[in-house]
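Next up, some structures in structure tokens.
Shared between the two complexes below is subunit A, which pairs with subunit B and subunit C, respectively.
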Partner chain A sequence: MGKVLAILLSWLLLPTMAWAGHHTFHSGQGRTLKDLLETIAPGDTVLVHGEVREGTITIRKPVTLIAADGAMIDGEGEGDVLVVRADDVTIRGFRIRGTRISHMDDLAAISVQECRRITIADNHIEESFFAIHLNGAHDAVIEGNRVAGRPGSEESMANGIHLWKSSRATIRNNHVMHHRDGIYLEFVSDARITDNTVLHCERYGLHFMFSHGNLYAHNHFEDNGAGVAVMYSRDIHMRQNRFLANRGASAYGLLLKDINDGTIENNTFMDNTTGILVDGCNRLRFEDNLFRLNGWALRMYASSMHCDLEGNVFSGNTFDVSTNGSLAYNRMEGNYWDRYTGYDLDRDGHGDVPHRPLGFFTLLVERMPYALVFSRSLFVSLLDRAERLVPSLTPEDLKDDRPLMRPNPTAGHGGAGEHAGDPPENEDNKGPNAVAALFSPFRETSLAHG
Partner chain B sequence: MRTLALLLILAPALFSCGQQDVRIDFGKAECAHCRMNVVDKQFGAALTTLKGRQYVFDDISCMVRHVGDGTIAEDQVTAWYVCDHAEPGKLIDATTAFYLHGPAFRSPMRGDVAAFSSEEKQQRAMVQDKTEVLDWAGVRELLMQ
Partner chain C sequence: MLKVFKYTLLDLTRNRFVLGYALLMLVIAQGLFMLEDDPFKALLSLVQVVMALVPLIALVFTVVYMYDIQEFTQLLAVQPIARRAILGGQLLAMAAALLLAQAVGLGLPLLVHLPSKASFILSVSGSGLVLVFAALGALIALRQREKARGVGIALVVWLLLVIVYDALLMWGMFAFSDYPIEPFVVPVAGLNPIDLARIMVMLEIDLAAMMGYSGAIYRNFFGSTMGMVAAAAIMLMWVVVPTWSGFRAFRRKDL
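Moving on, here comes the complex of A and B:
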């Protein structure tokens, strides 16, 4: 039965195999890859061996380029290395290097110009100005690439993966280091950005500008100038990402500037100077995020309205919520605050008295940043307590009426980032105990101001 | 002898008073207008105010709009600076600089205006047909639209 099926299948496949020609290219044997690309038919596949040094190579027909073991394409500083100007091109498994650095042209290791259904997979792109640059590309798949700029000179590097006026891109499982922005999107819609790791980038791990209707999930952002910036966009959905160790006066885990209608769910913010900065945003939903050991967990400017906070866990942060105004028209309910000192007599899991996360000292620091030197002093904690009993400065309506008594087990990823890129199903297995265990040693010694 | 030593010690302190040189700490500074990190040395901008404060911007458009929408009052501004596009990172006087505007200049906030310290540099950077030549007044008018 199996044999018959195999024969049948091979008969079915035979015409397609005969149709698509296979070619093998060995560098240094007289013929250039450029010549070969001119002569082959659309739909053909080329297996490339050795090191190709032919300057800029332009692909003008739908072909598949596959690297044999260790195959490399070096542009030798002429300009772009590979330029794709045809639909349905696949570039897989190459080591690519040798772009020129230019302040006038956007030169890239792989430059995709105005085409559809491009696949760029499993390449290793080294020390390029732009690594992957998509201009007017639709339905592209960028997957499993390792992109590394030159350490120590990030400021003369451009972005790692750069999309401009492109739609429906899939950016998955890439690893980007040492560029200006790790992944940059401008005028991009319907992109799915999942399971990427971005480290040591000069500006942002991931950066949205004027890009609507995108999703990013399960990504890991660590030690970048700032984690992610979402600016002037709407309908951005952010799930189960990790924002770690973004430190500095202007460093944020997540910067949200003029964003409408987004969701921020199950993300982990840890060890950042500021976890999230929200400026001029409307109708955002922050749900089940974990804010742990940040300077400021969440800074919301008063220009933000109709934002919802629910099921988030705030633990061990120096400041949980901070604002420069009143934050009226925003709602917070059912979050866990490690500073909450209330009680739960009816044992429904929610505290019976409201929690006001905005302390007196938080407001003071917002007005006078240098007051920070008094942080954790006896006097400040006394003032904070006095303010809690007789509120005078803190806004009356900024409160959580149903604070959680125990941290929400589904908040964040439940981990501190050592499993970057783990599939989400692993996270689910850990269950509530993992989260509870994470918190228990810190409960007593948390960095509260009283 | 002792007074001389004292003078030597105090002199740097005295000299450091007053207006400091304007400089942008690329990579660390935050744009006063859009809050982005300032990293692009070709498009940075800065201004100083009567109080002696310095504001830095990642794009000329951010500086123009920050003053244009009244966040800093126009009469408070004592000096305007922009980065020379041809010499990345070098700050020049914005009011006397030569400008180009066009799609060839992709600035961080899409102001797409580049500044040059001389007309010669400006002419050399004119590569595309759609590039527009502007002066400071023209730049402010364009970016406030």
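Moving on, here comes the complex of A and C:
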């Protein structure tokens, strides 16, 4: 707690320190920005006017760079554009462009190397290789940036926002398009990723590798190569995100590979070939998610154990649940299945007979993918119904004993149908209570690990 | 031919069966849209209804009606009218009546509740099915003198196409699963008009699943312009061949 207070205090004090010295820089008036940065004192602020074309600019002091209207920094293809090597640097409001594409170095529009408390806000980063690259940066804040890469092939693209060995980063309200991975995190812990929109990325919208104890919430991922991938990580909390229109043979809304102890709550999965693929995951909680109009809502490989599914809504999917084994070590209870045909005599809101989400047809397609041609044919629905009544091929234990009779109204983001296709307004769900509720469990986990 | 068409159509507008069909479809479609909160889910249920019910009704109705108007046909045949014109007018009138009934019973609710591409494709494939099974029904009625037997044959034909065909195909898939039969499954399924209509609708509705590995195969086949043309050609064959065969039977028939 003391640590948190210290950070908060330093944030409060930072602006007063920063206004210690105030400089204005006009490009094309003799002096270069590089010279100015050499001469000013730590804690000074520079207001930049005009277009700066000085190749790679390295910042070695804690300064604040603020863009005046229309200020731009162009790296002219030299390498990185801005390199930050000092703590407490703020870069705000610039248009930044002109990185070189390299297959040897990770060149970025803003490259942050081994420092603390960096703020990168409200910048417009265009057609860069990496847009924002953090290497060993702690307590960084990346917010309100618009990052648009150059549409093209994966070889000439890099990640939009890239974090490597960083902790306690805040990434919020950013808008990322046309990169390889929209947001990429490797060896990153305790990050909060909220209210971002990631569209049209070649690979994943958001990609975790070996990153523990992170939270992402209220993000919107649409039409990326393969949605969001969370791999080899533990304690990841995923809430109220939207995963839309990730289509293709190996495209998923959310890919979970070797994840332990995570929560997936109130997310919306719509129009994906596979909503969630769960591979080798343990102790995950899937609660109150909405799966609508997906090909496969949930594919859970038999390598996953002790996962809980509760309060989820499955509606209009071609297949609700699919697996390659018996799936007996996971629990499903109190979900809503639109295919459920049972009754509720005691009127407690839960069906009195179990629902078996894994139909005969699901198994058939698992064995012979081309059997998909029989989808929704009369013969197949008869067989499916018979199999549900008297399971002979499907695993006996795979069932929901208390299926909901009506869809859970709190499932998903709420109103996913109306919003389909357009990016979310970042203003929704931002009431103080919503934010507090959002972060409180996250605090618990991060404290538990600290 | 136009006169025959006109009077048969006038007779059909008073036919309780046609009105009943329109009303039944209307009740089913409207009921589904009102029961389900999600119009898209209602559409999914409607697909199954259309794929099973529309062929049955079109088939049975045409068979029964052809027997019912036999005396009128005989009356027409003694007039100086070509037999071709008599049958042509009657067939057109039946097709028009059924399509009209379907437009009211199925098209209208779809248009009101879910005006989308999927609804449009469902309407078009449903209309295709009406034409195919009306043609088949007429053929059965013309080739078979006894009404009861004709209706029986119609039911068998319906059962064959709606269930047995799929069952046999699936059995074949299992039996030959060791062989590379993948490229053949979709075209063979597409030979059945009901399966073809269903696949066309599925390509729109289950699009997300279709984009998966296996789906790509028949998305490539039917999703392309070439595939659309092929699908339309198969549908057309199912209309033209029975109709042509019916005309032949009618020309030689001893009324």
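Simple rule for what comes next: the second predicted complex is superposed on the first by the 393 of 450 C-alpha atoms of A that agree within 3 Å, B and C clash if a C-alpha of one lies under 4 Å from a C-alpha of the other, contacts with A are read in each partner's own complex, and residues count from 1 in each chain.
Throughout what follows, a residue touches a chain if its C-beta (ideal position, glycine included) is under 8 Å from a C-beta of that chain, and two chains touch if they have at least 3 such contacts.
Only a predicted model underlies this, so the values are computations on that prediction, with no experimental measurement involved.
*Asks:* Report clash or fit for the pair subunit B and subunit C bound to subunit A in the combined superposed model.
*Replies:* Overlaying the two structures gives subunit B and subunit C room side by side.
*Asks:* Please indicate which partner A:293 is in contact with in the superposed arrangement: first for subunit B, second for subunit C, both, or neither.
*Replies:* Second partner only.
*Asks:* Looking at A:377, would you say it contacts subunit B, subunit C, both, or neither? Reply first, second, both or neither.
*Replies:* A:377 contacts subunit C only, not subunit B.
*Asks:* Figure out whether A:32 sits in contact with subunit B (first) or subunit C (second), or with both, or with neither.
*Replies:* Neither partner.
*Asks:* Check the residue A:248 against both partner chains and state whether it touches subunit B (first), subunit C (second), both, or neither.
*Replies:* both
*Asks:* First (subunit B), second (subunit C), both or neither: which does A:225 touch?
*Replies:* Only subunit B is touched by A:225; subunit C is not.
*Asks:* Of the partners subunit B and subunit C, which touch A:173 in the superposed model: first, second, both, neither?
*Replies:* In the superposed model, A:173 contacts neither subunit B nor subunit C.
*Asks:* Should A:368 be classified as contacting the first partner (subunit B), the second (subunit C), both, or neither?
*Replies:* Second partner only, subunit C.
*Asks:* Between subunit B (first) and subunit C (second), which, if any, makes contact with A:279: first, second, both or neither?
*Replies:* Only subunit B; A:279 stays clear of subunit C.
*Asks:* In the three-chain superposition, say which chain, subunit B or subunit C, touches more residues of subunit A.
*Replies:* C
*Asks:* Look across subunit B and subunit C in the superposition and give the shortest C-alpha distance you find, in Å.
*Replies:* Nearest C-alpha atoms of the two chains are 10 Å apart.
*Asks:* Between subunit B and subunit C, which residues of subunit A are contacted by each of them?
*Replies:* Touching subunit B in the first complex and subunit C in the second, residues 248-249, 251 of subunit A appear in both lists.
*Asks:* Considering the complex alone, what residue numbers of subunit A touch subunit C?
*Replies:* Its residues touching subunit C are 247-249, 251, 271-274, 293-296, 315-316, 318-319, 338, 365, 368-382, 407, 417.
*Asks:* For the complex, give me every residue of subunit B touching subunit A.
*Replies:* 26-30, 34-37, 39, 41-42, 85, 88, 104, 106, 110, 125, 127
*Asks:* Going by the contact rule set out above, which residues of subunit C touch subunit A in the complex?
*Replies:* Touching subunit A: residues 37-38, 40-41, 44, 47-48, 51-52, 162-163, 166-167, 170, 173, 177, 182, 185-186, 189, 195, 198-199, 202, 205-218 of subunit C.
*Asks:* So in the complex, the part of subunit A that touches subunit B is made up of which residues?
*Replies:* So the residues of subunit A touching subunit B come out as 103-104, 106, 154-155, 180, 202-204, 209-210, 225-226, 229, 231, 248-251, 255, 257, 277, 279.
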